[in-house]
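Note that chain A is present in both complexes that follow, paired respectively with chain B and with chain C.
Entry: the complex of A and B
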């Protein structure tokens, strides 16, 4: 059976409840936006195929429930993820702090007027964790694609380097772990990429 | 004298012969005598004969002598007589002379008398002539007086006529004119002045007619002006009569007010410090209210002076042109009616419609009044015609204007206005049945709008719902929720906070919406004079319509790409909506029949709880499909290498992901009803099994290595483990495991190459590979042979026996397939 893709990257969206992970994902996978807030139960995923440098890459993005009661379920998914996007709300500092406690950064914000977390703060955190950073808006469709593409490209690059080192026989054996801190809603995406 | 002597002789003889009495002379013969006698006595004619006879006798001498004698005789006699009478003659003469004198005297006297008489009679004549003249004068004067007395009334009446014309009292004027013409003028036609008068009076009738028309026109204009007010007033009266637009609260308030008025204007109030205070009502306010009310009590008769109509009627009656006027009246009224029923171009506000209908009411109220008072003018047939005309137009207008009216409030208000119109017109005895039809149309339309509105709201609620079970953190919140939607498990009351309801806020809003919708439907039926059960049935029908539409909306909504979370919450919500139907029924009963009727269930129309059942199964179907599509998406990532030399020893990534995902999903959706969960779980497993089977049998895969088969088997094993772990509470692990039995038997058969058993037992009840069909077995076997051929060919090694064996097996399988 012919392969329908060159790479399969599993990405994970994490962040506190209500920061807009599902919205970011919907914007990326369906290019749609829904104003109503439906909290995710358990875990969901979306798949989108992108092309980078002539390579077909399938991105399977796992969208975790942000609510505390699903934490045990969702953390089980961290292990298999090749890239992680941390999402926080720029309008809510509390959510940023929460993320910090869990050693991951994420923030979400709504509108510039309600910004509580400055861009500089997000960048600083990204540097601290050695990740890339971006401010996004799922609603206004700002930087969402960029965030995913940047992450996918980084994973691809690391993977190819890995392949070359190991003789480049099997792409599946190369374990790549990426910490991505992406940012959602309105204007803010924080995002980091880290090769372990 | 000789002759006389000589003659005396004869004379003697003659005398003798002449008269016998005389002395006959002796010498005279008898014959002579005779002759003389004959001569004396006979007439001259016979003289001839006598003479002849004398001559015949020849003695003519003798006879001449006889004759001589006779003559002398007579002479002597004459002398004697004369002498005798001479004296008396003289006396006579003397007497005559004296007579002559006397006669002359008399003549003289008579002449003087005559003169006197002449003189006297001349004066008399003069007097007489004078008398004659005066007599004549008197007679003339009398005649003149008579004539003038006849003419005077003419003049008087004419003056009166002019005055009345000036005072615009046309009817009286007409009467006078009539009298003038028929009684007075007829007698004095001959005068020139009367002719002039007659001439000048000729156009008066025409003038009166014109004046009457113009007055009538003024009247028409007048009524047109006040028609609106009359209509408004009539409507108001009807409204009051039917307690229209007055809520119970208002009515109660009014009663109270009246009672208060009747009792006393002193109100007793308990003041803040507890003492009782008498409070004087301000009477001023009340008075002012009353006055305004009185103002409004004016009736049609007060607003309009109908006298012009009556006057016109009388005038035309007198003019003998009654029919002309009737015709004119009807024409005018018809024109007016057409004008009134013709809607104004821009009727864009509610006020315009009220005015429009009020005008029509006014028009017909006036018409009715005229019909009552002047029955000759407007007969029922004519009135009905007008009304029918108007009805048609009103219907047209309202239908056209409200055909697409999207405003429920407006419809509701219009309904009231139309209803009021109907009642008002009915009270005046007009047929209003078609208007009820109009109202019915209105109702249908109104309901349709309502349904649409609430459907839209329903859709919005569907879109906006957070699909999260409602969670309450305090008793207060809990009460708020159950007040709006009284369905919950009793045990919840014992739970600690936060308490969670199974349904999301969508259920509450849908339930509230449905109640509001029903109230909306009921509102339209206010005052429609339907009995309770009819209202109840209608509302129930409406409710069913709405529920049906909602179910439809739900069905189509779940076909949009919505998430599992939404679908699951929708099924739960639907369950609650179904339960709430009964409560809606009770709600309807309480609204239509009042408190006392609750509990009786004799409704013709039953709220069908079933309406949601279809939608529900649709949603459940969608849940299956939603999970299955997720499964498909993951399986699509499988990326099997069918020529794998050896299995990795662990399950493929995708299958771990899939199992994890399912596990997570089933553990996370704690609110999924257990029956549904079991069903979904089984369906999902079946689907996975089928999809994997398809993958294995897919014609895209030409060859399969043993290694790949091992890997595949390993993956299927993961699934089997998943089923045995009992991912959903209550599901029978055995049943669930059976979902992969087909696949497992096939894999076992092919991997162990146990063809002998398969062939021997094929088709038997307790066969080891009972679920494997020969045809599927062939497919897999051929793929394996193909791989073997490729790989051995590649390495240049031929295993003749092996090939033969395989060919035999394939042949046998094909035989089995044919069986």
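Entry: the complex of A and C
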């Protein structure tokens, strides 16, 4: 089958149970929103192909499969991830204490009256970790697309710089590096194969 | 801990080793509610991989052992007719020992400890084997990546030295191989043609009788004798037997022919070699199946002190007690580790395991290889002896380092597995850096003679086989035995729809 895209990016959503990761995901991929809270079942990842500077980019956004609840995320989830979006709930302070790098988005920014985490607080954290920051609402469809596009653009730029350096010592640039094991096999591989 | 476990599920699975993970995923995939527990803080139990930091957890004594007072457990009974049966904590891995041989590396490697991925039970996947088939069907394959085992070496004793010769697998490799003479190559091609024809005539695998008939009186005789009868000379005979020996040791003619066909069937499927190795190590596989289980709603909890079973008056398991909480269930599946001490295991087999970190390959090549060596021919009385060497190519070691895994069944006391390995090291001027040694016990329970509760299932144990077909077959058998009306890890229908959608989208785009 001919490739229908120029790049494939694997992105992760990380955040506490109930912050709205799946809602963000559905808003972005299907442009839909479901108000009732159901812990995620049956969703592996969602796909949306976007276009940036004339390049087709297939975004494969993985969901945690509910495994954040007891902190039992499998390696299968984060292997090969190229970008992470950290989602927290602006109406819930607790979440912010566990932080990761990459991009931070504060979800549920439509519920201003229940805000516990100030915008400034989120921004500051993002600066501390050298990541981008955005407040979103999956419900009111605020900034969700923006968040993914920004992340995709960052990865694409980074990748193109790496490509220009022509495949030499790439990939250890911290950003792609999840848990110290993020080399992309596509750079080295000769016989690497996906079973499909 | 933060959240409580559910009060009732259909199936509770104890242990997150590969067989348990496969069974848990099959259950939740078919719509059963599953709670999957492990006492360890990590996934995979005896099927896990560790880096040089987390290997400490492996070397430690067991964690999260229940410190249970019987009184407390008794309180969790819902009726006086129930019985509390304490779960076991059987020793599967024994004689664990790790040491630095070149001590300077302990400090030098410190910043790269996490780049190692040391398999407890290293295996390979047969390209056309049951495991690959299941991975594809269940789409667990999208969670893992693989590379070909791109070098198979055959050891030959020559004046006391162990020579490692490369085994040619594909047609092209056979023609260019310096190991075989022209005559031998012709003989080999002739034999391969014979195998292909035999397989065709044999038809479906289930009809073994036909295949045996063709082989006639040789079917049950030794494969070597049969090859001799075909006029194949000794070098080539050894070559054939050694090559397929990795699948079947000391086969009779029928087994030998089957192994040859399996081997040839897998050659060329993904590339010249019939074997695949998972990136980041074999421990990934159990986690991949756990991910599938989780996607279909299975609940995961690691590091839980799992304490006891509750039997009802019909002698059925009706609940599990973990962390002083009672969880009712209709069915329990557990690894041998958790089987209550009241049941006595049958004869257990020992698997001998040694792993070395080296900074040089056992056979220098132009590029880095993933190598597989069948050393059974050097240990006459041993069923299984093999070496797998892999490193940065599959991300199981940092650049420039290798993990050399030796695995053997330890019925042979005359030739020590480690001595052989050290001999190979010495001849190739390799100074190993770090060493890990342990035993794995394959506990088995005679389910015919022990009266287990009818809804208690013991999952397949650790085996020393080179590939995963047996594990998959056993899991399928167990699953279909319990739930004959359910499919074992069928292909996802929803996904196909999505694919179709995508393709349709692509097409419209193309039209535009």
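Things worth noting here:
As a convention for this text, the second predicted complex is superposed on the first by the 138 of 196 C-alpha atoms of A that agree within 3 Å, B and C clash if a C-alpha of one lies under 4 Å from a C-alpha of the other, contacts with A are read in each partner's own complex, and residues count from 1 in each chain.
Keep this in mind: contacts are C-beta pairs under 8 Å (C-beta built on N, C-alpha and C of every residue); 3 or more make two chains touch, one makes a residue touch a chain.
Being a predicted model, the structure only gives us computed values, none of them experimental.
In the superposition on chain A, contact of A:66 is made with chain C only, not with chain B.
Of the two partner chains placed by superposition, chain B and chain C are both touched by A:76. Contacts of A:8 after superposition: chain B is touched, whereas chain C is not reached. In the superposition on chain A, the residues of chain A touched by chain B in one structure and by chain C in the other are 4, 41-44, 47, 65, 70, 76-77, 80.
Those residues of chain A lying in contact with chain B across their complex are 1-5, 8, 30, 34-45, 47, 58, 60, 65, 70, 73, 76-77, 80, 172. Across the complex, chain A meets chain C through its residues 4, 41-44, 47, 65-67, 69-70, 72, 74-77, 79-80, 179-181, 183, 185, 188-189, 191-196. Residue ranges on chain C touching chain A, taken from their complex, read 1-3, 43, 114-115, 132, 135-136, 141-148, 150, 270-271, 276, 279-280, 284, 287-288, 290-291, 294-297, 299-302, 393, 395, 494, 498, 502, 506, 509. Every residue of chain B that touches chain A in the complex is listed here, in rising order: 463-468, 561, 563-566, 630, 633-634, 636-637, 639-640, 642, 653, 656-657, 660-661, 664-665, 667-669, 698, 700-701.
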